[in-house]
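In the two complexes below, chain A is the common chain; its partner is chain B in one and chain C in the other.
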Partner chain A sequence: MMQDLAMTILDIANNSLAVKAQRIEIEIVDSDAKNLISIEIKDNGKGMSDDQIAQAIDPFYTTRKTRRIGLGIPFFKDLADLCEGSFSLKSDHGVQIYASMRKNHWDRPPMGDLGETISTLIQSDPDVHLILTITTDAETKKFDTEEIKVILEDISIAEPEILFWVKQTVNDLISS
Partner chain B sequence: MTVNEMLQNSTVFTCLNPDALSNQNIKGVFIGDLLSWVMGNGDEGQLWVTVQGHLNVAAVAVLKEFSGIVLCHGAVCAPDCLVKATEENIPVIITELSAYECAQHFVQLGL
Partner chain C sequence: MKSLEELKKLRDLSRSKIEMRNSTDKKYRVVVGMATCGIAAGARPVLNALVEESAKGIYSCTVTQTGCIGMCSLEPIVEVYDETGAKTTYVKVDAAKAVEILKSHVGEGTVVEQYTVAAQK
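Up next, the complex of A and B:
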(Lines of atoms letter the chains of each structure in order from A and count residues from 1; the text may use other names and numbers.)
(Lines give C-alpha, C1' and ligand atoms only; values in the text may rest on other atoms or scores of the structure.)
Protein backbone atom coordinates (compact mmCIF):
# COMPACT_ATOMS: atom_id res chain seq x y z
CA MET A 1 0.00 0.00 0.00
CA MET A 2 1.10 3.55 -0.65
CA GLN A 3 1.22 6.26 2.00
CA ASP A 4 -1.61 8.28 0.48
CA LEU A 5 -4.45 7.98 -2.03
CA ALA A 6 -3.07 10.57 -4.44
CA MET A 7 0.09 8.51 -5.01
CA THR A 8 -2.01 5.42 -5.59
CA ILE A 9 -4.11 7.28 -8.17
CA LEU A 10 -0.94 8.52 -9.90
CA ASP A 11 0.39 4.99 -10.13
CA ILE A 12 -2.81 3.57 -11.64
CA ALA A 13 -3.38 6.47 -14.04
CA ASN A 14 0.23 6.15 -15.22
CA ASN A 15 -0.70 2.66 -16.45
CA SER A 16 -3.37 4.31 -18.61
CA LEU A 17 -0.83 6.74 -20.05
CA ALA A 18 1.55 3.86 -20.72
CA VAL A 19 -1.04 2.18 -22.97
CA LYS A 20 -1.63 5.46 -24.82
CA ALA A 21 -5.07 6.24 -23.44
CA GLN A 22 -6.29 9.63 -24.70
CA ARG A 23 -8.91 10.05 -22.05
CA ILE A 24 -8.70 9.27 -18.34
CA GLU A 25 -11.55 9.79 -15.91
CA ILE A 26 -10.85 9.80 -12.20
CA GLU A 27 -13.96 9.69 -10.03
CA ILE A 28 -13.62 10.11 -6.30
CA VAL A 29 -16.51 9.73 -3.89
CA ASP A 30 -15.93 11.06 -0.40
CA SER A 31 -19.01 10.50 1.73
CA ASP A 32 -19.39 10.86 5.48
CA ALA A 33 -23.03 9.76 5.23
CA LYS A 34 -22.06 6.45 3.62
CA ASN A 35 -18.76 6.22 5.53
CA LEU A 36 -17.11 5.63 2.18
CA ILE A 37 -14.26 6.75 0.01
CA SER A 38 -14.15 5.28 -3.46
CA ILE A 39 -11.83 5.80 -6.38
CA GLU A 40 -12.63 4.81 -9.93
CA ILE A 41 -10.20 5.27 -12.81
CA LYS A 42 -11.45 4.71 -16.36
CA ASP A 43 -9.51 5.04 -19.58
CA ASN A 44 -10.04 4.56 -23.29
CA GLY A 45 -6.75 2.77 -23.84
CA LYS A 46 -6.30 -0.57 -25.52
CA GLY A 47 -7.98 -2.44 -22.65
CA MET A 48 -7.09 -5.80 -21.19
CA SER A 49 -7.96 -9.37 -22.12
CA ASP A 50 -9.72 -11.63 -19.61
CA ASP A 51 -6.40 -13.37 -19.02
CA GLN A 52 -4.63 -10.11 -18.35
CA ILE A 53 -7.35 -9.05 -15.91
CA ALA A 54 -7.03 -12.33 -14.03
CA GLN A 55 -3.28 -11.90 -13.86
CA ALA A 56 -3.24 -8.19 -13.07
CA ILE A 57 -3.99 -8.56 -9.38
CA ASP A 58 -1.14 -11.06 -9.14
CA PRO A 59 1.88 -9.01 -8.08
CA PHE A 60 4.19 -11.37 -9.93
CA TYR A 61 2.64 -10.32 -13.23
CA THR A 62 3.49 -7.27 -15.32
CA THR A 63 3.24 -6.24 -18.96
CA ARG A 64 6.61 -4.58 -18.69
CA LYS A 65 9.64 -6.41 -19.96
CA THR A 66 12.10 -4.66 -17.71
CA ARG A 67 10.63 -5.70 -14.38
CA ARG A 68 9.11 -9.04 -13.64
CA ILE A 69 6.78 -7.85 -10.93
CA GLY A 70 3.99 -5.26 -11.20
CA LEU A 71 2.66 -3.77 -8.00
CA GLY A 72 0.39 -0.88 -9.01
CA ILE A 73 -2.84 -2.85 -9.20
CA PRO A 74 -2.01 -5.21 -6.29
CA PHE A 75 -1.35 -2.16 -4.08
CA PHE A 76 -4.68 -0.66 -5.19
CA LYS A 77 -6.46 -3.88 -4.25
CA ASP A 78 -4.58 -3.84 -0.91
CA LEU A 79 -6.34 -0.58 -0.09
CA ALA A 80 -9.78 -2.13 -0.48
CA ASP A 81 -8.84 -5.34 1.35
CA LEU A 82 -7.24 -3.55 4.27
CA CYS A 83 -9.94 -0.88 4.65
CA GLU A 84 -12.95 -3.22 4.34
CA GLY A 85 -14.02 -1.98 0.93
CA SER A 86 -14.38 -3.64 -2.44
CA PHE A 87 -12.25 -3.84 -5.56
CA SER A 88 -13.04 -4.47 -9.20
CA LEU A 89 -11.17 -4.44 -12.47
CA LYS A 90 -13.03 -4.59 -15.78
CA SER A 91 -12.19 -3.98 -19.37
CA ASP A 92 -14.83 -2.85 -21.83
CA HIS A 93 -13.30 -0.50 -24.40
CA GLY A 94 -10.52 0.54 -22.06
CA VAL A 95 -9.98 -0.30 -18.44
CA GLN A 96 -12.20 0.49 -15.44
CA ILE A 97 -10.61 0.01 -12.07
CA TYR A 98 -12.38 0.64 -8.78
CA ALA A 99 -11.52 0.45 -5.10
CA SER A 100 -13.57 1.57 -2.12
CA MET A 101 -12.68 1.96 1.52
CA ARG A 102 -14.50 2.50 4.78
CA LYS A 103 -13.80 6.19 5.35
CA ASN A 104 -13.28 5.89 9.09
CA HIS A 105 -11.13 2.75 8.89
CA TRP A 106 -7.95 3.09 10.97
CA ASP A 107 -5.70 2.03 8.12
CA ARG A 108 -7.22 4.26 5.44
CA PRO A 109 -4.49 6.52 4.07
CA PRO A 110 -5.09 10.26 3.80
CA MET A 111 -5.93 11.83 0.41
CA GLY A 112 -2.49 13.38 -0.01
CA ASP A 113 -1.55 15.87 -2.70
CA LEU A 114 -4.10 15.19 -5.43
CA GLY A 115 -3.15 18.45 -7.17
CA GLU A 116 0.40 17.16 -7.56
CA THR A 117 -0.95 13.90 -9.00
CA ILE A 118 -3.09 15.68 -11.61
CA SER A 119 -0.36 18.14 -12.61
CA THR A 120 2.17 15.30 -12.89
CA LEU A 121 -0.16 13.36 -15.19
CA ILE A 122 -0.68 16.42 -17.40
CA GLN A 123 3.05 17.02 -17.52
CA SER A 124 3.65 13.40 -18.57
CA ASP A 125 1.19 13.72 -21.43
CA PRO A 126 -0.19 17.22 -22.10
CA ASP A 127 -2.47 15.83 -24.85
CA VAL A 128 -4.40 13.53 -22.55
CA HIS A 129 -7.98 14.47 -21.73
CA LEU A 130 -8.21 14.25 -17.97
CA ILE A 131 -11.50 14.51 -16.12
CA LEU A 132 -11.56 14.53 -12.34
CA THR A 133 -14.80 14.47 -10.38
CA ILE A 134 -15.09 14.64 -6.63
CA THR A 135 -18.47 13.82 -5.15
CA THR A 136 -19.18 14.63 -1.52
CA ASP A 137 -22.49 14.42 0.34
CA ALA A 138 -23.17 18.03 -0.63
CA GLU A 139 -22.07 18.30 -4.27
CA THR A 140 -20.08 17.05 -7.23
CA LYS A 141 -17.08 19.07 -8.29
CA LYS A 142 -15.39 18.66 -11.63
CA PHE A 143 -12.04 19.45 -13.16
CA ASP A 144 -11.74 18.92 -16.92
CA THR A 145 -8.57 19.63 -18.91
CA GLU A 146 -10.56 20.23 -22.13
CA GLU A 147 -12.35 23.19 -20.54
CA ILE A 148 -9.00 24.67 -19.57
CA LYS A 149 -7.47 24.05 -22.99
CA VAL A 150 -10.34 25.99 -24.63
CA ILE A 151 -9.53 29.00 -22.46
CA LEU A 152 -5.77 28.64 -22.95
CA GLU A 153 -6.08 28.52 -26.76
CA ASP A 154 -2.47 28.38 -28.03
CA ILE A 155 -0.78 28.22 -24.64
CA SER A 156 0.28 24.72 -23.57
CA ILE A 157 -1.37 23.30 -20.48
CA ALA A 158 2.08 21.93 -19.57
CA GLU A 159 3.55 25.42 -19.00
CA PRO A 160 4.95 25.55 -15.45
CA GLU A 161 2.66 28.44 -14.43
CA ILE A 162 -0.41 26.61 -15.70
CA LEU A 163 0.60 23.38 -13.98
CA PHE A 164 1.10 25.29 -10.75
CA TRP A 165 -2.39 26.74 -11.12
CA VAL A 166 -3.79 23.25 -11.87
CA LYS A 167 -2.22 21.88 -8.71
CA GLN A 168 -3.68 24.65 -6.55
CA THR A 169 -7.09 24.48 -8.22
CA VAL A 170 -7.39 20.73 -7.69
CA ASN A 171 -6.31 20.97 -4.06
CA ASP A 172 -8.80 23.82 -3.53
CA LEU A 173 -11.53 21.56 -4.96
CA ILE A 174 -10.81 18.98 -2.28
CA SER A 175 -10.53 21.32 0.64
CA SER A 176 -13.47 23.59 -0.24
CA MET B 1 26.04 -13.50 8.80
CA THR B 2 23.77 -15.71 6.74
CA VAL B 3 20.09 -16.26 7.45
CA ASN B 4 20.90 -19.85 8.32
CA GLU B 5 23.54 -18.81 10.89
CA MET B 6 21.14 -16.28 12.36
CA LEU B 7 18.52 -19.02 12.83
CA GLN B 8 21.08 -21.34 14.43
CA ASN B 9 21.98 -18.60 16.91
CA SER B 10 18.39 -17.95 17.91
CA THR B 11 15.64 -19.98 19.51
CA VAL B 12 12.92 -17.38 19.05
CA PHE B 13 12.74 -17.57 15.25
CA THR B 14 11.18 -20.35 13.18
CA CYS B 15 11.71 -20.68 9.47
CA LEU B 16 8.50 -21.75 7.68
CA ASN B 17 10.26 -22.78 4.48
CA PRO B 18 13.67 -24.33 5.24
CA ASP B 19 13.78 -25.37 1.56
CA ALA B 20 14.27 -21.73 0.66
CA LEU B 21 17.38 -21.43 2.83
CA SER B 22 20.61 -21.19 0.93
CA ASN B 23 23.44 -18.89 1.80
CA GLN B 24 21.49 -15.65 1.91
CA ASN B 25 23.81 -13.10 3.44
CA ILE B 26 22.13 -10.60 5.78
CA LYS B 27 23.26 -7.08 4.90
CA GLY B 28 21.33 -5.26 7.60
CA VAL B 29 17.73 -5.10 8.73
CA PHE B 30 14.74 -3.11 7.51
CA ILE B 31 11.57 -2.69 9.57
CA GLY B 32 8.35 -1.47 7.95
CA ASP B 33 4.79 -2.40 7.05
CA LEU B 34 3.84 0.15 4.40
CA LEU B 35 4.84 -1.69 1.24
CA SER B 36 5.49 1.34 -0.94
CA TRP B 37 7.70 2.77 1.81
CA VAL B 38 9.65 -0.48 1.97
CA MET B 39 9.92 -0.45 -1.83
CA GLY B 40 11.31 3.07 -1.74
CA ASN B 41 13.71 2.71 1.16
CA GLY B 42 14.75 -0.91 1.56
CA ASP B 43 18.10 -2.15 0.27
CA GLU B 44 19.23 -5.37 -1.31
CA GLY B 45 20.27 -8.11 1.14
CA GLN B 46 18.39 -6.72 4.12
CA LEU B 47 16.32 -8.90 6.41
CA TRP B 48 12.81 -7.41 6.38
CA VAL B 49 10.78 -7.31 9.58
CA THR B 50 7.04 -6.73 9.11
CA VAL B 51 3.59 -7.76 10.34
CA GLN B 52 2.20 -8.05 6.81
CA GLY B 53 2.04 -11.60 5.49
CA HIS B 54 0.13 -11.43 2.19
CA LEU B 55 1.24 -12.16 -1.36
CA ASN B 56 2.38 -8.61 -2.12
CA VAL B 57 4.96 -8.97 0.63
CA ALA B 58 6.63 -11.83 -1.25
CA ALA B 59 6.61 -9.67 -4.39
CA VAL B 60 8.28 -6.74 -2.63
CA ALA B 61 10.88 -9.06 -1.05
CA VAL B 62 11.77 -10.49 -4.47
CA LEU B 63 11.93 -7.09 -6.08
CA LYS B 64 14.16 -5.66 -3.35
CA GLU B 65 16.23 -8.87 -3.22
CA PHE B 66 15.83 -9.08 0.54
CA SER B 67 17.66 -11.90 2.30
CA GLY B 68 14.50 -12.91 4.15
CA ILE B 69 11.14 -11.93 5.62
CA VAL B 70 10.58 -11.92 9.38
CA LEU B 71 6.91 -11.89 10.36
CA CYS B 72 7.03 -10.51 13.86
CA HIS B 73 4.54 -10.22 16.73
CA GLY B 74 2.87 -13.51 15.82
CA ALA B 75 1.76 -12.25 12.39
CA VAL B 76 0.75 -15.08 10.07
CA CYS B 77 1.90 -15.83 6.55
CA ALA B 78 -0.81 -16.37 3.91
CA PRO B 79 -0.43 -19.71 2.10
CA ASP B 80 0.07 -18.11 -1.35
CA CYS B 81 2.74 -15.80 0.08
CA LEU B 82 4.64 -18.77 1.50
CA VAL B 83 4.42 -20.73 -1.75
CA LYS B 84 5.72 -17.82 -3.80
CA ALA B 85 8.47 -16.92 -1.31
CA THR B 86 9.65 -20.53 -1.36
CA GLU B 87 9.67 -20.60 -5.17
CA GLU B 88 11.77 -17.45 -5.12
CA ASN B 89 14.15 -18.69 -2.40
CA ILE B 90 13.09 -16.09 0.15
CA PRO B 91 13.11 -17.54 3.69
CA VAL B 92 9.99 -16.67 5.71
CA ILE B 93 10.65 -16.58 9.45
CA ILE B 94 8.03 -16.21 12.15
CA THR B 95 8.47 -14.99 15.70
CA GLU B 96 6.40 -13.85 18.66
CA LEU B 97 8.87 -10.99 19.27
CA SER B 98 7.71 -7.46 18.48
CA ALA B 99 9.54 -5.47 15.82
CA TYR B 100 11.41 -3.62 18.56
CA GLU B 101 12.43 -6.85 20.28
CA CYS B 102 13.56 -8.23 16.91
CA ALA B 103 15.73 -5.16 16.48
CA GLN B 104 17.25 -5.64 19.94
CA HIS B 105 17.91 -9.27 19.12
CA PHE B 106 19.56 -8.48 15.79
CA VAL B 107 21.73 -5.80 17.39
CA GLN B 108 22.94 -8.40 19.93
CA LEU B 109 23.80 -10.70 17.05
CA GLY B 110 25.89 -7.92 15.57
CA LEU B 111 23.69 -7.38 12.52
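Up next, the complex of A and C:
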Protein backbone atom coordinates (compact mmCIF):
# COMPACT_ATOMS: atom_id res chain seq x y z
CA MET A 1 0.00 0.00 0.00
CA MET A 2 1.23 3.49 -0.84
CA GLN A 3 1.74 6.04 1.90
CA ASP A 4 -0.38 8.71 0.28
CA LEU A 5 -2.86 9.27 -2.53
CA ALA A 6 -0.43 11.25 -4.68
CA MET A 7 1.90 8.22 -4.90
CA THR A 8 -1.02 6.02 -5.94
CA ILE A 9 -2.01 8.53 -8.62
CA LEU A 10 1.57 8.58 -9.95
CA ASP A 11 1.67 4.80 -10.10
CA ILE A 12 -1.67 4.45 -11.92
CA ALA A 13 -0.94 7.32 -14.34
CA ASN A 14 2.43 5.70 -15.13
CA ASN A 15 0.42 2.81 -16.60
CA SER A 16 -1.10 5.31 -19.05
CA LEU A 17 2.34 6.60 -20.01
CA ALA A 18 3.54 3.03 -20.49
CA VAL A 19 0.89 2.46 -23.18
CA LYS A 20 1.83 5.74 -24.88
CA ALA A 21 -1.32 7.67 -24.00
CA GLN A 22 -1.14 11.24 -25.31
CA ARG A 23 -3.79 12.56 -22.99
CA ILE A 24 -4.30 11.78 -19.31
CA GLU A 25 -7.08 13.29 -17.21
CA ILE A 26 -6.87 13.08 -13.45
CA GLU A 27 -10.09 14.04 -11.68
CA ILE A 28 -10.13 14.39 -7.93
CA VAL A 29 -13.26 15.05 -5.90
CA ASP A 30 -12.67 16.17 -2.33
CA SER A 31 -15.99 16.77 -0.60
CA ASP A 32 -16.70 17.27 3.07
CA ALA A 33 -20.43 17.51 2.35
CA LYS A 34 -20.47 14.05 0.76
CA ASN A 35 -17.72 12.73 3.04
CA LEU A 36 -15.98 11.55 -0.12
CA ILE A 37 -12.66 11.55 -1.86
CA SER A 38 -12.62 10.07 -5.33
CA ILE A 39 -9.90 9.71 -7.92
CA GLU A 40 -10.55 8.99 -11.57
CA ILE A 41 -7.79 8.60 -14.15
CA LYS A 42 -8.72 8.49 -17.84
CA ASP A 43 -6.37 8.10 -20.77
CA ASN A 44 -6.51 7.73 -24.53
CA GLY A 45 -3.98 4.92 -24.69
CA LYS A 46 -4.49 1.59 -26.38
CA GLY A 47 -7.06 0.41 -23.80
CA MET A 48 -7.52 -3.02 -22.25
CA SER A 49 -9.32 -6.15 -23.43
CA ASP A 50 -12.24 -7.53 -21.37
CA ASP A 51 -9.95 -10.34 -20.38
CA GLN A 52 -7.24 -7.96 -19.15
CA ILE A 53 -9.80 -5.94 -17.18
CA ALA A 54 -11.09 -9.08 -15.49
CA GLN A 55 -7.58 -10.09 -14.48
CA ALA A 56 -6.04 -6.70 -13.67
CA ILE A 57 -7.24 -6.64 -10.05
CA ASP A 58 -5.42 -9.92 -9.42
CA PRO A 59 -1.97 -9.11 -7.99
CA PHE A 60 -0.59 -12.19 -9.70
CA TYR A 61 -1.54 -10.88 -13.12
CA THR A 62 0.75 -8.61 -15.13
CA THR A 63 1.43 -7.90 -18.79
CA ARG A 64 5.15 -7.75 -18.26
CA LYS A 65 7.35 -10.74 -18.84
CA THR A 66 10.01 -10.12 -16.22
CA ARG A 67 8.06 -11.46 -13.25
CA ARG A 68 4.61 -12.63 -12.38
CA ILE A 69 3.17 -9.93 -10.13
CA GLY A 70 1.68 -6.48 -10.74
CA LEU A 71 0.53 -4.51 -7.72
CA GLY A 72 -0.44 -1.08 -9.08
CA ILE A 73 -4.13 -1.69 -9.82
CA PRO A 74 -4.65 -4.10 -6.87
CA PHE A 75 -3.32 -1.37 -4.52
CA PHE A 76 -5.77 1.12 -6.02
CA LYS A 77 -8.72 -1.24 -5.56
CA ASP A 78 -7.55 -2.07 -2.05
CA LEU A 79 -7.72 1.60 -1.19
CA ALA A 80 -11.41 1.72 -2.09
CA ASP A 81 -12.20 -1.55 -0.28
CA LEU A 82 -10.34 -0.50 2.84
CA CYS A 83 -11.98 2.95 3.01
CA GLU A 84 -15.53 1.76 2.24
CA GLY A 85 -15.62 3.29 -1.23
CA SER A 86 -16.08 1.84 -4.67
CA PHE A 87 -13.78 0.85 -7.51
CA SER A 88 -14.27 0.52 -11.23
CA LEU A 89 -12.08 -0.20 -14.23
CA LYS A 90 -13.42 0.24 -17.76
CA SER A 91 -11.97 0.48 -21.22
CA ASP A 92 -13.76 2.47 -23.88
CA HIS A 93 -11.20 4.06 -26.24
CA GLY A 94 -8.54 4.12 -23.54
CA VAL A 95 -8.83 3.22 -19.88
CA GLN A 96 -10.99 4.77 -17.16
CA ILE A 97 -10.06 3.76 -13.63
CA TYR A 98 -11.90 5.03 -10.56
CA ALA A 99 -11.65 4.62 -6.80
CA SER A 100 -13.55 6.43 -4.08
CA MET A 101 -13.08 6.55 -0.33
CA ARG A 102 -14.96 7.73 2.70
CA LYS A 103 -13.09 10.93 3.49
CA ASN A 104 -13.16 10.55 7.27
CA HIS A 105 -12.29 6.84 7.22
CA TRP A 106 -9.49 5.78 9.59
CA ASP A 107 -7.52 4.17 6.82
CA ARG A 108 -7.76 6.89 4.20
CA PRO A 109 -4.21 8.03 3.37
CA PRO A 110 -3.43 11.78 3.20
CA MET A 111 -3.31 13.46 -0.21
CA GLY A 112 0.48 13.83 -0.15
CA ASP A 113 2.57 15.85 -2.56
CA LEU A 114 0.31 16.00 -5.60
CA GLY A 115 2.46 18.74 -7.16
CA GLU A 116 5.45 16.42 -7.20
CA THR A 117 3.34 13.66 -8.74
CA ILE A 118 2.32 15.95 -11.60
CA SER A 119 5.87 17.25 -12.19
CA THR A 120 7.18 13.67 -12.14
CA LEU A 121 4.66 12.60 -14.78
CA ILE A 122 5.63 15.56 -16.97
CA GLN A 123 9.34 14.82 -16.51
CA SER A 124 8.68 11.25 -17.62
CA ASP A 125 6.89 12.33 -20.82
CA PRO A 126 6.93 16.08 -21.59
CA ASP A 127 4.70 15.56 -24.65
CA VAL A 128 1.74 14.18 -22.73
CA HIS A 129 -1.34 16.39 -22.37
CA LEU A 130 -2.14 16.28 -18.68
CA ILE A 131 -5.34 17.70 -17.23
CA LEU A 132 -5.88 17.77 -13.49
CA THR A 133 -9.18 18.86 -11.96
CA ILE A 134 -9.89 19.12 -8.27
CA THR A 135 -13.51 19.56 -7.25
CA THR A 136 -14.32 20.65 -3.72
CA ASP A 137 -17.69 21.66 -2.28
CA ALA A 138 -16.94 25.27 -3.21
CA GLU A 139 -15.37 25.09 -6.66
CA THR A 140 -13.57 23.18 -9.39
CA LYS A 141 -9.91 23.98 -9.99
CA LYS A 142 -8.10 23.00 -13.12
CA PHE A 143 -4.50 22.55 -14.18
CA ASP A 144 -3.90 21.92 -17.90
CA THR A 145 -0.44 21.45 -19.41
CA GLU A 146 -1.59 22.76 -22.82
CA GLU A 147 -2.29 26.19 -21.32
CA ILE A 148 1.22 26.25 -19.91
CA LYS A 149 2.85 25.08 -23.13
CA VAL A 150 1.29 28.03 -25.00
CA ILE A 151 2.98 30.44 -22.62
CA LEU A 152 6.27 28.54 -22.71
CA GLU A 153 6.57 28.92 -26.51
CA ASP A 154 9.79 27.10 -27.53
CA ILE A 155 10.83 26.18 -23.99
CA SER A 156 10.14 22.60 -22.87
CA ILE A 157 7.78 22.08 -19.95
CA ALA A 158 10.36 19.59 -18.65
CA GLU A 159 13.01 22.26 -18.01
CA PRO A 160 13.88 22.05 -14.30
CA GLU A 161 12.75 25.62 -13.49
CA ILE A 162 9.38 24.98 -15.12
CA LEU A 163 8.91 21.61 -13.39
CA PHE A 164 9.53 23.26 -10.05
CA TRP A 165 6.95 25.93 -10.89
CA VAL A 166 4.45 23.19 -11.86
CA LYS A 167 4.98 21.43 -8.56
CA GLN A 168 4.41 24.60 -6.54
CA THR A 169 1.45 25.76 -8.63
CA VAL A 170 -0.37 22.45 -8.26
CA ASN A 171 0.23 22.37 -4.52
CA ASP A 172 -0.95 26.00 -4.22
CA LEU A 173 -4.06 25.00 -6.15
CA ILE A 174 -4.93 22.35 -3.56
CA SER A 175 -4.23 24.44 -0.51
CA SER A 176 -5.83 27.67 -1.71
CA MET B 1 -3.53 30.14 -11.94
CA LYS B 2 -2.23 33.23 -10.26
CA SER B 3 1.44 32.84 -11.08
CA LEU B 4 1.40 32.98 -14.88
CA GLU B 5 3.52 36.13 -14.82
CA GLU B 6 6.06 34.21 -12.81
CA LEU B 7 5.93 31.44 -15.42
CA LYS B 8 6.84 33.92 -18.17
CA LYS B 9 9.86 35.03 -16.18
CA LEU B 10 10.92 31.42 -15.65
CA ARG B 11 10.50 30.75 -19.38
CA ASP B 12 12.96 33.55 -20.15
CA LEU B 13 15.31 32.32 -17.43
CA SER B 14 15.21 28.78 -18.90
CA ARG B 15 15.91 30.16 -22.34
CA SER B 16 19.05 31.87 -21.11
CA LYS B 17 20.22 28.72 -19.34
CA ILE B 18 19.47 26.25 -22.11
CA GLU B 19 22.42 27.20 -24.23
CA MET B 20 24.79 26.64 -21.36
CA ARG B 21 23.14 23.33 -20.47
CA ASN B 22 23.21 22.01 -24.02
CA SER B 23 26.64 23.27 -24.96
CA THR B 24 28.48 20.21 -23.67
CA ASP B 25 27.82 16.56 -24.45
CA LYS B 26 26.20 14.82 -21.52
CA LYS B 27 28.73 12.47 -20.00
CA TYR B 28 26.37 10.65 -17.67
CA ARG B 29 22.86 9.28 -17.69
CA VAL B 30 21.13 9.10 -14.31
CA VAL B 31 18.11 6.77 -14.18
CA VAL B 32 15.58 6.43 -11.35
CA GLY B 33 13.32 3.36 -11.00
CA MET B 34 9.74 4.64 -10.87
CA ALA B 35 7.55 1.53 -10.81
CA THR B 36 5.11 0.59 -8.01
CA CYS B 37 7.98 -0.64 -5.84
CA GLY B 38 10.10 2.47 -6.40
CA ILE B 39 7.25 4.89 -5.76
CA ALA B 40 6.20 3.09 -2.58
CA ALA B 41 9.78 3.20 -1.29
CA GLY B 42 10.15 6.94 -1.97
CA ALA B 43 11.59 7.27 -5.49
CA ARG B 44 9.57 10.38 -6.33
CA PRO B 45 11.39 12.76 -3.94
CA VAL B 46 14.67 11.19 -5.11
CA LEU B 47 13.89 12.02 -8.74
CA ASN B 48 12.81 15.54 -7.86
CA ALA B 49 15.96 16.14 -5.80
CA LEU B 50 18.06 15.02 -8.78
CA VAL B 51 16.13 17.25 -11.20
CA GLU B 52 16.42 20.26 -8.90
CA GLU B 53 20.10 19.75 -8.20
CA SER B 54 21.00 19.11 -11.83
CA ALA B 55 19.15 22.31 -12.76
CA LYS B 56 21.97 24.24 -11.20
CA GLY B 57 23.70 23.59 -14.50
CA ILE B 58 27.08 22.36 -13.40
CA TYR B 59 26.42 18.67 -14.05
CA SER B 60 27.02 16.87 -17.31
CA CYS B 61 24.08 14.47 -17.16
CA THR B 62 20.51 13.74 -18.12
CA VAL B 63 18.00 12.52 -15.53
CA THR B 64 15.36 10.01 -16.67
CA GLN B 65 12.88 7.52 -15.23
CA THR B 66 12.49 3.83 -15.83
CA GLY B 67 10.24 1.01 -14.63
CA CYS B 68 11.06 -1.74 -12.18
CA ILE B 69 14.77 -2.53 -12.06
CA GLY B 70 14.18 -5.91 -10.43
CA MET B 71 15.46 -5.54 -6.87
CA CYS B 72 12.28 -4.18 -5.28
CA SER B 73 13.49 -4.62 -1.71
CA LEU B 74 16.46 -2.33 -2.40
CA GLU B 75 14.40 0.56 -3.84
CA PRO B 76 14.69 3.47 -4.37
CA ILE B 77 17.36 2.61 -6.94
CA VAL B 78 19.41 5.11 -8.96
CA GLU B 79 21.58 3.92 -11.85
CA VAL B 80 24.40 6.04 -13.22
CA TYR B 81 25.63 5.20 -16.75
CA ASP B 82 28.91 6.69 -17.90
CA GLU B 83 29.96 7.46 -21.49
CA THR B 84 31.11 3.89 -22.12
CA GLY B 85 27.72 2.53 -20.98
CA ALA B 86 29.16 1.14 -17.75
CA LYS B 87 26.57 1.17 -14.99
CA THR B 88 26.81 1.88 -11.27
CA THR B 89 23.76 0.87 -9.24
CA TYR B 90 22.97 2.79 -6.07
CA VAL B 91 20.36 1.30 -3.72
CA LYS B 92 18.14 2.50 -0.84
CA VAL B 93 18.68 6.06 -2.00
CA ASP B 94 16.93 9.04 -0.44
CA ALA B 95 16.86 12.68 -1.52
CA ALA B 96 20.00 13.60 0.45
CA LYS B 97 21.98 10.59 -0.81
CA ALA B 98 20.85 11.35 -4.37
CA VAL B 99 22.33 14.85 -4.20
CA GLU B 100 25.55 13.41 -2.71
CA ILE B 101 25.77 10.85 -5.56
CA LEU B 102 25.22 13.57 -8.14
CA LYS B 103 27.90 15.81 -6.65
CA SER B 104 30.48 13.08 -6.22
CA HIS B 105 29.88 10.71 -9.14
CA VAL B 106 28.64 13.06 -11.87
CA GLY B 107 30.38 16.16 -10.59
CA GLU B 108 33.78 14.73 -9.68
CA GLY B 109 33.81 11.27 -11.24
CA THR B 110 34.11 9.53 -7.87
CA VAL B 111 31.77 6.60 -7.18
CA VAL B 112 30.09 6.76 -3.76
CA GLU B 113 31.03 3.19 -2.84
CA GLN B 114 29.03 2.90 0.37
CA TYR B 115 25.67 3.39 -1.39
CA THR B 116 26.27 0.94 -4.23
CA VAL B 117 24.51 -2.41 -4.48
CA ALA B 118 27.91 -4.09 -4.06
CA ALA B 119 28.24 -2.58 -0.57
CA GLN B 120 24.88 -4.06 0.52
CA LYS B 121 25.08 -6.85 3.06
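We adopt the following convention: the second predicted complex is superposed on the first by the 176 of 176 C-alpha atoms of A that agree within 3 Å, B and C clash if a C-alpha of one lies under 4 Å from a C-alpha of the other, contacts with A are read in each partner's own complex, and residues count from 1 in each chain.
The rule we apply is simple: a contact is a pair of C-beta atoms (placed from the backbone, for glycine too) under 8 Å apart; a residue touches a chain by one contact, two chains touch by 3 or more.
Computed from a predicted model, the values in this text were never measured in an experiment.
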First (chain B), second (chain C), both or neither touched by A:V19: neither
Which superposed partner A:Q3 touches (first chain B, second chain C, both, neither): both
Touched partner set for A:F75, first chain B, second chain C, both or neither: both
Touching partner for A:E153 - first (chain B), second (chain C), both, neither: second
First (chain B), second (chain C), both or neither touched by A:T120: second
Partner chain in contact with A:P59 - chain B first, chain C second, else both or neither: first
Chain A residues touched - chain C or chain B, whichever exceeds: C
Which of chain B and chain C A:L163 touches, first, second, both or neither: second
Residues of chain A contacting chain B in one complex and chain C in the other: 1-3, 7, 67, 71, 75
Touching residues (chain side chain A, partner chain C) in the complex: 1-3, 7, 10-11, 14, 18, 64, 66-67, 70-72, 75, 113, 116-117, 119-120, 123-124, 143, 147-148, 151-155, 159-165, 167-169, 172-173
For the chain B and chain A complex, residues of the former touching the latter: 34-37, 39, 54-56, 58-60, 62-63, 84
Interfacial residue positions of chain A with respect to chain B in the complex: 1-3, 7, 58-60, 67-69, 71, 74-75, 78, 81
Contacting residues of chain C [partner chain A, same complex]: 1-4, 6-8, 10-11, 13-15, 17-18, 34-37, 39-40, 44-45, 47-48, 51-52, 54-55, 63, 65, 67-68, 70
